[in-house]
Structures are given as structure tokens and as C-alpha cells.
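If you scroll down you'll find the structure; I have some questions about it.
Read from first to last, the chains carry the letters A, B and C; within each, the first residue is number 1.
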Amino acid sequence: MSVDEVPVHSGGAPALEVRRLTVSYETRPVLWDVDASFPTGALSAIVGPNGAGKSTLLRAALGLIPADAGQALVQGRPARSALDRVAFVPQRDAVDWDFPITVREVVEMGRYPVRGWLRRLTGEDRAIVDEALERVGMGPFARRQIGRLSGGQRQRVFIARALARQAPVMLLDEPFAGIDARTEATLLDLLRELRAEGRSIVVVHHDLGTVRASFDWALVLNVRAVACGPVGEVIVPQTLRRAYGTDAVNDGAQDGELRWVR
Amino acid sequence: MGPLIDALPFSYTVSVIALGAAVLGLTAGVLGTLAVLRQRTLVGDALAHATLPGVCVAFIATGAKDASTLLVGAGAFGLIGALLVVGLERSGRTRPDAAIGVMLSSFFALGIVLLTYIGSLNQSGQAGLESYLFGQAAGLVERDVTIMAALGLGALAVVAALFRPLKSTLFDADHAAAGGLPIRALEVVMTALLVVAIVIGVRTVGAILMVAMLVVPAAAARQLTGRLAGVLVLAGLIGATVGVTGALLSAQSGLPTGPVIVLVGFLVVLACLLLAPGRGILWRARKLARDRRRLLVEGVLIDLETALHGGPPPTQHELALASGRPRRALRRALGDLERTGALARDGERIYLSESGAASVHAVLERRDLWSAWLEHGWRLELPDAREPDPRDLRASLGDEHADRLRALAAEARA
Amino acid sequence: MSSDLIILLTAGLTATACGLLGPFLVLRRNALMSDAVAHAVLPGIVVAYLIFQTRAPLPIVAGAAVFGIICVLGIDALRGTGLVKWDAAIALVFPALFALGVIGISTYASGVHLDLDSTIYGEIAFAPFLSLDVLGAELPRTVVLGFAAVAANLAFVALLWRKLKTTSFDPQYAQAVDVSPARMSRLLLVAVAITAVISFESVGAILVVTLLIVPAAAAHLLTDRLTAMIAITVAIGWASAIGGLSFASAADASIAGMMGVVAAGCFVLALLAGPRYGLAARAIRRRRAGRRARVALGAAREAGAPS
């Protein structure tokens, strides 16, 4: 995809923007003075090696962990007061799969912040939940306990929960980690559809091949922002070398060519 | 409480004890579930131990021995203990398990010092306080039960009112926070509720064993249902049942109440862990054994078909040699096949009946379908997130898609 | 020996025996397992009393070891089913065993020469009145047993030093070089069970846990080195023994309980004032790091700003 195809809506505020963001755990900085912005209506990726601070960036942007300095804006407004415009799919390593909850209940959680945490869900909410389940193909599994699903199916459920949120901005942290190729392809298609509907999507992803093939925009991150811009300009050997070191670049490229992407 | 007590088919004292135990079991069951699902059960243990010095301090401060005054002290120390555990865990160096262990044993040591100090002041005063160690249902009076019930109802009302936020926080705190929930505050609420459950129960069950009352109902209920609302309700019911059974048994036998309740509860959990449908250890073992048996029987069926294909009907001995299966397994499988009418015999020699031939056909088709899936599955468009189940591909994909898969495979062969 | 000396030696030796194991428990995140095991030995003591009708140490140690193992294996098995989490498994198994012990004591009180009070408070005040016949010599029972426990734990730690160290620091590496961390944990917990039952007579079933965990957790805040950690743990144990004895007689309260309180006091001191991991030191360090980061950020911005 060439640069001018990027659907950047000129004039409007970016979907997500971080300015001068610095975050430390204890005394060690894991994000240092990061500037980045992700355009509205684009499918954007955050790439970088393990421990680069990708998850930390999303979590700090949403105010889940305190930042030492800097700010995050969602559609031009401080992120903390614009949480209703963001749907977040966290990394899944902390989820307790034995938790007594069904697929449908998980997706309904996406409606709680919209409807109000203490209110009953309405018929409209239920319709939205049904539609979200259908879109990810989980309709027939709605009554299953979450632990009785495969890895790919679980990820579909979390994406359905984000869909049910009906937010214009979606942030996904490693949604394709550890899932099968068929699900990855399906979900990638779904993300493209969502972009076509005008939503802005930011995905933490580590497969450079897919990013180059299917994404519009990318942030290359390793504690500092190495580069941020249209993929064609950003996913290039110079920046990747600065983020990953030399060897990773070739691996990433080959891996990308060989990957099965429909 | 009056009418309720009259309605029970026991003497007044026993009715009071039963009601008290029911209230404590119900609240400990529901509120304990919130701790068990966060994997914070042992924090409950620490808080229960922390109530002991609280009771002593309340006694020293007021000189009163009635349960309600002492419960205020217990509650205050429970909350302090909770804050300290969290603070210690967040302080960085001390790991969660050590933090819990340090709080638990420090508070308990303090409690013992205060208990013995009180004992040295006044011989008669101590006797009442000692029941907070191992629990005593016998001393409950109607007023205590009324207060326990009021506290418990209040706590349960909080859970009902905050059900959705609590569920979201318990399941996925990050997502809940990103949706704007004050998860720190909700965690504080859950810990405070845990303290309420402990305060209600500690006199009857005792500080040392109170943790069992928090975990038993949740652990048992989780085996029986996969929905949070169901677990909460069932845990309440199981807790109440265990509490009443244990308290009555203890009142009858004169044994300390806490240990009796705990043993009753342990038996209930054990039964659920073994027998729960779909999950229990024995249930799973039986299912596994059945699956294995099916695999074995199908294998033998194919062996037999192969042997028949290559020559005259084999004897059991020849079949064992040809298939290389252990004799016992073979005998068992042939027995199963015989019973379903898949075999026919000609003296020693075995061959397939008509229905046996049909089963072989079905097994072979299943195998073909599976290799077709491995080879051509990626070309199959599936309408939803269904996934192949190697045991029964046709059922997991649906007939339409299984047929389509066969067509794809046939196309490729042609 | 004067009775004060006997009590002090008993207390100090108990604390030392616990202090030799405590650091490993804390480092391996086994603190709560040791709590569970210390509770679980109670039915072992009762059963040994009932079967052998004697207070001789060996049968009781054996009974305690058996129930300690039952406890550990029971918890492991319960976790292994995947039906409950680790914390729930612990909280299910040890109360059941402890309850069994308490009911045994209540039912057979006269048969087991034991009452619930001594389960909780220990009998250290009576230590001077108990004696043990060793090769014809009448020696104070608790002191002899205390020495035996210290010697046994010292031997245990010395013999398994490398394995304990490796499995505590890097369980996966240990597994790769064929030292099973799970087996080491179990051995350690059996040692805890035996220590618990020997200490049981002097400090009771539950305060053993205080001596196992609290001094070691305090030492963990004070040093990064294992040998130093053990030395500090044992030192805190003796401080607790001495402090506990003097405060207890002043306040006319339980000696064992007061030892626990003094140990807790040492922990609080270490937490507040520890040189590296103490709260004060951390706060200062964090403030300095924040200031440095602000300066560096400012410099970076000036350098990066378009001139």
C-alpha cells in the first residue's frame, strides 16, 4: 500500500495521540519521551521487540497505569475523559479461564459501560450483543463457559466484547498471539471491515509481514518511539534495525512473505 | 428473628444456633466466593487471624463480653489487617505469600499475647474470649443472630447492587478499568465484604478455621455451575447447609464448633470434586475410559477388516498376532463388538456381521474425512467459529460442510 | 541449669531451627505451604499418642512427618486436578487436617496428654519441669529436642545446600540439570513438619509459623545474599527469644506469643528502615530518580527542539 492511500482524515484530530509519554515501573523507565499519533479511520500497528513497552503504551494511554510525564489524547480529548470512545482488548495472559462466566456474559460486559454499570441491559443491548457474537462467528457458542473454548475462539469472544462497545476507536493488545491461522485470517478480515466502516483501530502486533501487507500505519517502538508513520515509510530496514537489531529484520521480512494471508 | 425461631422444629436454643449458623454460612459462602475467584482466599485466612487481637482490644477497652461489641473490634482489626496485607504486597520486596504469612502470624501472636494478658488480669473474663479460637455455637443468643443477619443482609445487598461491576472486575480488571470502573475502589469493597463475612463467622467457627468457611462453599459451587450468579447462589446455599449441619452436630456432641463445621464442609467439597457432572474427577475418569474403549474397539474393528481382506476369517489368536494388541485388550474389544452384534463366528473363526461391516465403513469414512480436513480444510469456508473435533469431525463441522469437504477431496483426487 | 536458662535455650533453639528453614520458604514462595504443614501435623501428634501411648519423641516425629506429607501431597493433588486454584487447595486441606487434630484432642483429651490450650500457647513455661532420659542422664527435654532439631536442620541445609539454592533461584534450570524443584520443596516441607512438631511443645502449633516466616521475611528485606539472610534470620530469632521472654514476664502474657510479637516488631523495623529495600530508602531513591528523569527529559527536549 502506498503512502497516499492511507485514509488519514486531514484536519480532524487523530484517533489516538500520545505526547511526550514517559512511564516507569519503580525507577526503571520503560517508555521514554514517546510521541506518536494514529490517524482516524486507519488500521494501525504498534510493533517492537518483546519488552519494548507496547502494552505499557496502551495501558498508560488509557490511564490504567500512571505516567511520569506526558499525555494521551483520544480524538483530541484527554484519554481519561474519552474512555467511552475506546474499546480495549487487553493482552490475555492474566485471564483466569476457569472463571465461572459464559461467552455471552463476557460480550455483555462490553455494554455495561455504555448502558451504565448498575442498569439492566435493554433489548437493544441484547441485539447488539447478538450481532457482535455473529460477526465473530461465536453465535452458536454463546452459552459455553469461557474455558471450554479453543484459543482462537477465546480471542473472538474478546473482540466481540470490544465490538459490543460500539466505540469509534479500538485498541487491541496482541490479539493474534497464539491463535490458529484460520482465526487470524478471519479476524484480520473483520478488522478491515471495521476500518471500512470508519473505525480507527490500533493493534499491537509482532508479525512484520502481516503489518506490511495489511496495515496502513505503524509505530515502531523500543522504549523510545523509533518511527511513526505510514507503513511504507516506517516498516523499512533502517528503522527496524534500530528497534530490533540487524538479524531480526531479515527474519521478519521472510516470515512475512511466507505467511499465509488470504 | 422471633417468628423464624418459633417456626423451626427445634428447641429455642437449638433454633438460635441453627439460624446463626445459616446466616454465617450464607454470607461466608457468597462473600468468600469473591475472594476465591480473585485467588485471595488466604488473605481471608490472614484477616480471620487478625480479628483475634481486635476482639481482645475491644474487650480491654470496654470490658464488655457481649458478642456485638467485640465484633466491632474484630471488624476494625480485620480492615487494618487487609490494608496492611495490600500495603505490604505493594511495598515491592515482600512477595504476596510472605506478606500474607507475616500478617497472619504476627496478628495471631499479638492476639495470643493479649488473650493471656487478659487471662492474667481476670480469670473469669478470658473464658468467653477463648471461644474465638476454635469457635463456639453454643453461646449464641438471639440478639447476636439478629445483628449477624442484619450485617449479612447488608453485605449481600451490596453484592446484588454491584453485581455487574464486581463481575467485570473479577473477570478482567484491565478491561473493567478501561471501561471507566474504579477497580481499586471495588477491590476495597470486596475486601471489606470479606471482613464482614469473617466478623459474622469468627465467633462460631473460630479465627483459625474461618478460612475454610470462605473457601468450601465457593469451591463446591464452582464444580456445579459455570456462571457467576449460579456460583454465588449455590455457594450461599451450600454454606448455609454446611454451617447448620456442623453447628447442630457440634451442639449435640459438645465438640468445638469450628472443626466440626470444617470437616462437614470438607466432605461436601470432596463429593463435589469427585462427582460433579462434566468436571468431577470420577466423571472425567469415566469419560476418558469410555473414549479409550471406543478407540480400542474401532481399532480392533479395522484390524479385523484388514485380516478378513487378506485371507480367511482369523481366530482370536491369529488376530492378536496380526494386530499386535495385548490379548486382554483384544478380548475386551471383541466382547464389546459381540454384544453390539457386530461379530459373527464360525467356530473359532471370527468375521463381521452385516452391522459390523457397516460400522467398519463408518469408521473408515471418519478417518478419510479427517485426512481430508488436514489436507483441504483450509479451503473450506466455515460460517462461524466452529472447530474440528477429531473424535467426530462430521458432527463438529456439520453435515453440509463435511460433505463439502469430501467433495473437495474427491475433486483433488480426480 | 536454672529454669530461666532452660526456657531461654528452648526458645532460642526453637527459633534457630525455624530460622534455618525460613529463608528457603520465603525465597521459594512456600511461606503459606509451611503454614499449612505446621497446622497439619496436629492430627499426626494425636494419632501417635493414641497408638504408642507415649510422649517419646520418635513416634510423634514420625506421626507428624506422615501427616505433613499427607498435607503436601493432598494440596498438590488438589491443584493437579485443575478444579481449584492453589490458594483454595491450601485453604481446603490444612483446615480439614487441623480440625481432625482438634477433634481428636477434644475426644481423647486424657489419652493424649494434650489439651487445646497447649496446641495454641505451647508449654514453654513448663519446660524446666520436663526431662528426658538420655543415656542415663536426666536432661531438660525441650533443650535436648531443640538441639536435635537444630542439628537435623543444619545437616539438612548443609547436605542439600546447592540443590536448595539452585531450585530456589531458578527452578527451570534446576529441572534441566535433574534436580526436581518439586521434590526439593517436598523435602523442605517434611523438614518443616518435623521442626513444627518439635517446636510444638514449646511454642504451640501456630506460633511455629511466626518463627518460620517472620524473621526470614525481615531478613529478606535486609540482604541479597543467602548466607547472610540465614544468619540474620537466626539472629532475629534469638532477639525474639530474649525479647519475648523479658516482655512476657513483664506483661504476664504468653512467652511464645510475645516472641512472635517481637519478631513482628523486627520485621516492621526492617520494612521501614532497611538499607536498600526499606520503605524510607525506596522513597528517597524514587524521588531522586524522578528528579533525574525530569532533568534528562528537559535536556532531551531542548536538544530536540528546532533551533
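The rule is short, and it goes like this: contacts are C-beta pairs under 8 Å (C-beta built on N, C-alpha and C of every residue); 3 or more make two chains touch, one makes a residue touch a chain.
Small disclaimer: the values here were computed from a predicted structure and weren't measured.
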Applying the document's contact definition, name the chain pair with more C-beta pairs in contact, A-C or A-B. A-B
Could you pull out the chain whose C-alpha mean position is farthest off from that of chain A? C
Could you work out how far the Cα centre of chain B sits from that of chain C, in whole Å? 29
Can you check how far apart chain A and chain C are, centre to centre, with Cα atoms defining each centre and the answer in Å? 46
Intercentroid distance (Cα basis), chain B paired with chain A, Å: 34
Scan chain B for residues touching two or more other chains and write them down. 39, 92, 222
Which parts of chain A, given as residue numbers and ranges, touch two or more other chains? 26, 98
For chain C, give me the residues that contact two or more of the other chains. 85
Given the complex, residues on chain A that touch chain C span 20, 22, 24, 26-27, 29, 33, 68-69, 98
Any idea which chain C residues touch chain B in the complex? 26, 29-32, 34-35, 39, 78, 81, 83-88, 90-92, 95-96, 98-100, 102-103, 106-107, 116, 120-121, 206-207, 209-210, 213-214, 216-217, 220-221, 248, 251-254, 256-261, 263-264, 267, 271, 277, 279, 282
Quick one: which bits of chain B touch chain C in the complex? Just the residue numbers, please. 36, 39-42, 44-45, 88, 91-95, 97-102, 104-106, 108-117, 120, 133-134, 208-209, 211-212, 214-216, 218-219, 222-223, 255-256, 258-260, 262-263, 266, 269, 273, 279-281
What does chain A use to touch chain B in their complex? 26, 59, 62-64, 83-84, 86, 88-90, 94-96, 98-102, 105-106, 109, 112-113, 117-118, 134, 136-141, 145, 148, 150, 152-153, 156, 161, 165, 181-183, 260
Residues of chain C defined as touching chain A within the complex: 82, 85, 285-286, 289-290, 293-294, 297, 300-301
